[in-house]
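Consider the two complexes below, in which chain A is the common component and chain B and chain C are the respective partners.
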Partner chain A sequence: MKSLGSMIRREMWYILFLVPGVLLFAFTVITPFLQGVRYSFTNWDGISRKLTYIGWDNYVNAFQDPVVLTVLGNTFKYAIILTIVVNVISVLLALLLDSYLPLRNLFRTIFFLPGIISVVLAGFIWSYNYSQGVPKLLSYFGLDVTSPLGNPDQALIGLIIVAVWQGVGTPMIIYLAGLQNIPAELMESARIDGAGPVRIFRSVTLPLLAPSVTINMLLVLTGALKVFDLVFVTTNGGPAFATEVIATFIYKNAFSSYKAGYGMALSMIFFVILVIVTIVQVSFFRKREVEV
Partner chain B sequence: MNKKLGFGMSIALLTLLLSACGGNDKNAASSTTSAPESENPATESASAPTSEDSKPVTISFMHFKSDVTDGVAKIIEQFELENPNIKVDVQPVKYDDYDTLLKTKLASGDIVDVFTLNAGSTTKLYHNGGYLEDLTDQEFMKNFDPGVLAEQATDGRNYIMPLNAGPIAVFYNKKIFADLGLDIPTTYDALMESAQKIKDAGKTPFALGWKDGWTLGMWLSRDFPSNTVLVEKQVDFFDKLEKGEAKFADNPAAKTSISHALDLFRYGNKDQLGVDYNGAVDLFAREEAAMMYVGTWPLADIQKKNPELFDSGMGYFPYPFSNDPILNKLEFNPDASLAVNSKSENKAAAFKFLAFMSSKAGGDAWVENAKTLSYVKGASSDIAPAITELQPYFNDGRLYNSQVFITTTIDWNTQFTQYVQKVLFNKSSADDIIMDLDAWVAKNHK
Partner chain C sequence: MKMTRWLVFAAVSIAAVVFLFPLYVALLMALKSTKQTFESFYALPSSLNLTNFVQAWQTSNYPSAFLNSVIVTVISVVLIVIVSGLSGYAIARGNKPLYTFFYILFLTGMMVPFQVMMLPLYQLGKSFDLLNNYWGIALIYGGFGIQTGVLFYTGFVRSISREIEEAARIDGCSTPGIFVRIIMPLLKPVTATVLVLNVLYIWNDFLLPLLFLQNKGYRTIPLQQYFFFGQYSSDLNLAFAYAIMGLIPIVAFFLFMQRFIVKGIAAGAVKG
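Then we have the complex of A and B:
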């Protein structure tokens, strides 16, 4: 008992510094989350002051809703393609910008810049590019193209292009930092042993870059699964549900269709899915990491 | 060296990133507060009548007529001049986001004194929530036609005050019609024949801004109920739909509307779902498209972009949803109505605000500044030259309001709109989406 008391006294300062953060987290994340759990068992319309508890009905509805499956499919398609493309491009950019390239600092800045623009602004810029800029430009070459965002077959690809353009900056910086942590001696000895650039990348660089790969895969994938702003400002889920993702679907149910209770239930299911994806992904990539 | 440089670079970029975030926040904050600041505070000191209610009051007024923010600001200015003790904090919100914002504000206990609402199911929802003050016995309600009040009543009582209204019809380019020798079509088939001739002449028949969901939704939520109730005579379809007793499959109007949508799509501009509402208005203003189905909202915009077209080059005719010219009356819909918050602490001032809006001066101010028609008795109707062409319809009372047919609170229209897009791109057949719609309704009816 005495030792516990002395431990608390010893750790007092640390605990004191933790308090504001914990309080903030409790009131802005935990409390709304618990309230959300409560609403998910009601058929609340978002306005009414009465709550009617309907048990698990919302959850049963969600599992029987065929649209939920389409929406989940769209979301994972978007997230997986985006994660792969962003990571491949940002590794390549990082490799390029890590070598002795003239003006490489300038290029690093240029590739990072799109990430600084707000997503909403980027969405507007690209909506305009797609519907006006690109078709006009290509019409000079005799090509007749229309906005991919207006066609259900291309809309998701159109969104992914915008997201890649915006998203490569931050992973690129993380990969650059990772590359610079790899000791030059390892590369040199590999070269002396007669390994070519591809072999060095595969056997030396990539394994040592694994911690950066883990964190980037995780950040991009979870970010992409939660996408809302980009979809909302460019296509708003259309045309013909082609770009409807979980976040916009929840929003529409909860706010536009006056089904706040159902929206909450969907959010809870989505939360569980996100947790599972994260755990699986982290444990998968952690196994592949190598210590320097 | 190299490592340090790269590290410094990334840190510099990260600080840039952070500072950019901070900057954005500041901008956002200042843009939201700038609206109330722009109100004219000079009126307060102008006169000081020392009566009992001379204590200055500020009421908040949230509205969704953000496309005419300047016009509304002018109307409010006029009100503040007449009521020096009442200041109005105006919050214009884009129509798409309006409901969400209003709902969030009310649910979180933030009291908006006066706000705009659409008559019908939304009003009923807010009334059920207990947020609306009963206006039925207020003196200023006498400035409106009893028929209009009855149309906007909820369970026999008036919780909203009718404000403005307007026709929704088809703007057309007189020059293109004259060049091709086309008459104003009075039946649906004639409309499509004209469209074919316009297309053959190398022009775009219809300007469609279907990238914005509401543009297609607006047309569908009028074509479909009109065909349901007036052509197919299924008068209680929407009542039954709400209770889960009616099916889209048993309503031939569903197929009619889907085929109409396909026609419009075929005769529309290129990239129908890539161009938004503003793009469509541009097409019409540049005289590239011959027709546009819309309310009177783009008039101010067209006047700015092509004054010649606005003054004499364009006309307006009722949208012929059927092949029976007798049925094809002019669609005339209420737009915004005003509601007073039942929790408001400044009800007296809020009622004065409504009284002003229902006076002839207020009605005329809306007509002049917001380019819409007013429900106030005796208010002027002089919006634009194109509208005068509709005068015979007003004179004979050949008007109807398809929105009163829709008595549902479930949002089938958004769903229908998305499903129709599937048919447009051959992703589904009309029969399939009608089945999907019925399945969706089965899950969502009350």
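Then we have the complex of A and C:
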């Protein structure tokens, strides 16, 4: 009887322990999320007290809006290119730093360093490097360049370069940790069997590194789809919508164009896209993982 | 073989130089006057000149921004560690579907993009008087941070053997006593991970302060820099001195905590 009493008491404590977390989560995530769903069915301007429900109109408009297509195109182009480039570079750096290289800890610090700088600062530093630093450097070699951020055809690439600079540190560390989990005997026996470095990488290292690939692809891609700060502080979507992405577009609808209801509908579509991308990606890469 | 080693070293060195180049230009700008920059862009300044830093310090209200960043970050991180530690322990030890349900709920929350909650949170902040003070923004960082925090703590507590707890229970120790005396000391490594990852994120965050801390007296470093750069876009040398000043605290934190940051990221990847 005593044990039942103490069991119940223990359970009560566990529930009590969980309460602050659940309350905090309900207040900062669930409530705003449900409010957002509600607003997405209204024509609310973001300020007035009056809400008129207009059914699915915002969603129908979003699917017919040509700007939304451009914005989605920009976002995916940015995210996909960034994901590929960041992962290729960070795998390369991890492979090189995993060998017995002199000063490898210093190099690791250097490649990680840009990632800890706030995006506001990184954007500022790069805007200036693009407009002055790089053109001045290249002019020594007789090349004449202007800032890519002012050119609609190059602005997105310009932003991707900044994001790569800031983004390789974390995946590199995850790949390094993954490489350290691969038993050295496997590579050794492949080498004895006569495999070259490229063949060893393709047939031994890469398949065993697959869990790290899954997580890095997912982290970089979902992070890149949500990009806001970098665009907001450097180009603010310009020139001519060339760098307008979902997050900045939603922000403008919600806070400056007085189309909050529409903005919320867009953000719900954005949420669904993120969920689909996550599920598709995880199931695609999980299939390619092998056990040691 | 030796040859390839040197080639690799050379390649990595070149990459490192490319990575450092933008920061070098920024430092160069901060140390030179407008005239010196105009005369020769890449030349090092003839003498160490800190005029830009002195002027940036005087015009920018840097100490206030620094203090705001510290206060917001510390309150948020303490909240995240306490709340997610408690929840994580409860989820790991209370073996009931109820706990699993909340665990999955926390994880699903991570997929919701900030834009979905942005405007309702702003409304909520307005109606609960949470704009332009430290507590409101810390509460929101807390709510966001516990999602990954719970993930880390639950995983860690599950790996701790129950035997010590059971022994303590037989000796008459209550559940809160067990948590404080036995579990909390064991949680140090996972707490370090949760701490460093959240500090890096909160310290550098821009959008939430932009919405919640518009009042000048409450601006954090990234937000104040954003306005400072807009205001002093003509005096770039001054703006860069301010940029370097903003860099110093987080770079110092990174260099001191690097070991924990590296470990934390690797641990996070395994958990994910």
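Assume the second predicted complex is superposed on the first by the 272 of 292 C-alpha atoms of A that agree within 3 Å, B and C clash if a C-alpha of one lies under 4 Å from a C-alpha of the other, contacts with A are read in each partner's own complex, and residues count from 1 in each chain.
The rule we apply is simple: contacts are C-beta pairs under 8 Å (C-beta built on N, C-alpha and C of every residue); 3 or more make two chains touch, one makes a residue touch a chain.
As the structure is a computational prediction, the values presented were derived from the model and not from experiment.
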Practice item. Using the superposition on chain A described above, determine whether A:236 touches chain B (first), chain C (second), both, or neither. Key: first
Check your understanding: So, A:116: does it touch chain B (first), chain C (second), both, or neither?
Key -> both
Practice item. Report for A:173: first if it touches chain B alone, second if chain C alone, otherwise both or neither. Key: both
Point to revise | First, second, both or neither for A:154, with chain B first and chain C second | key: neither
Check your understanding: Between chain B (first) and chain C (second), which, if any, makes contact with A:101: first, second, both or neither?
Key -> second
Review point. Which partner does A:70 reach: the first (chain B), the second (chain C), both, or neither?
Key: neither
Review point. Which of the two partners, first being chain B and second being chain C, lies in contact with A:21: first, second, both, or neither?
Key: second
Practice item. Classify the contacts of A:281 with the two partner chains as first (chain B alone), second (chain C alone), both, or neither. Key: neither
Exercise for review: Examine A:39 and indicate which partner it touches, taking first as chain B and second as chain C; both and neither are also allowed.
Suggested key: second
Point to revise | Touched chain A residues, chain B compared with chain C | key: C
Exercise for review: Overlap the chain B and chain C contact sets on chain A and report the shared residues.
Suggested key: 46, 108-109, 112, 116, 118, 173, 176-177, 255
Revision key, fill the gap. Chain C partner, complex, touching residues on chain A are 6, 9-11, 13-15, 17-18, 20-22, 24-25, 27-33, 35-36, 39, 46, 93, 96-97, 99, 101-102, 107-114, 116-121, 124-126, 128-129, 132-133, 136-137, 165, 170, 173-174, 176-178, 212, 215-216, 218-219, 226, 228-229, 232-233, 246-247, 250-251, 254-255, 260, 263-264, 267-268, 270-271, 274-275, 278
Review point. What residues of chain B sit close enough to touch chain A in their complex?
Key: 2-3, 5-7, 9-10, 13-14, 16-17, 20, 24, 99-100, 103, 106-107, 125-126, 128-131, 210-211, 213, 270-276, 279, 409-411, 414, 418-419, 421-422, 424-425, 427, 439-440, 443-444
**Study point:** chain B partner contacts - residues on chain A that touch it in the complex
**Key:** 45-49, 61, 64-67, 98, 105, 108-109, 112, 115-116, 118, 127, 130-131, 135, 146-153, 173, 176-177, 180, 235-241, 252, 255-259
Point to revise | Contact footprint of chain A on chain C as seen in their complex | key: 5, 8-9, 11-12, 15-16, 19-23, 25-26, 29, 41-42, 79, 82-84, 86-87, 89-91, 93-94, 96, 99, 102, 105-106, 109, 111-121, 123-124, 139-140, 142-144, 146-147, 150, 169, 174-176, 179, 200, 203-204, 206-207, 221-223, 225-226, 229, 236, 239-240, 243, 246-247, 250-251, 253-255, 258, 261-262, 265-266, 269-270, 272
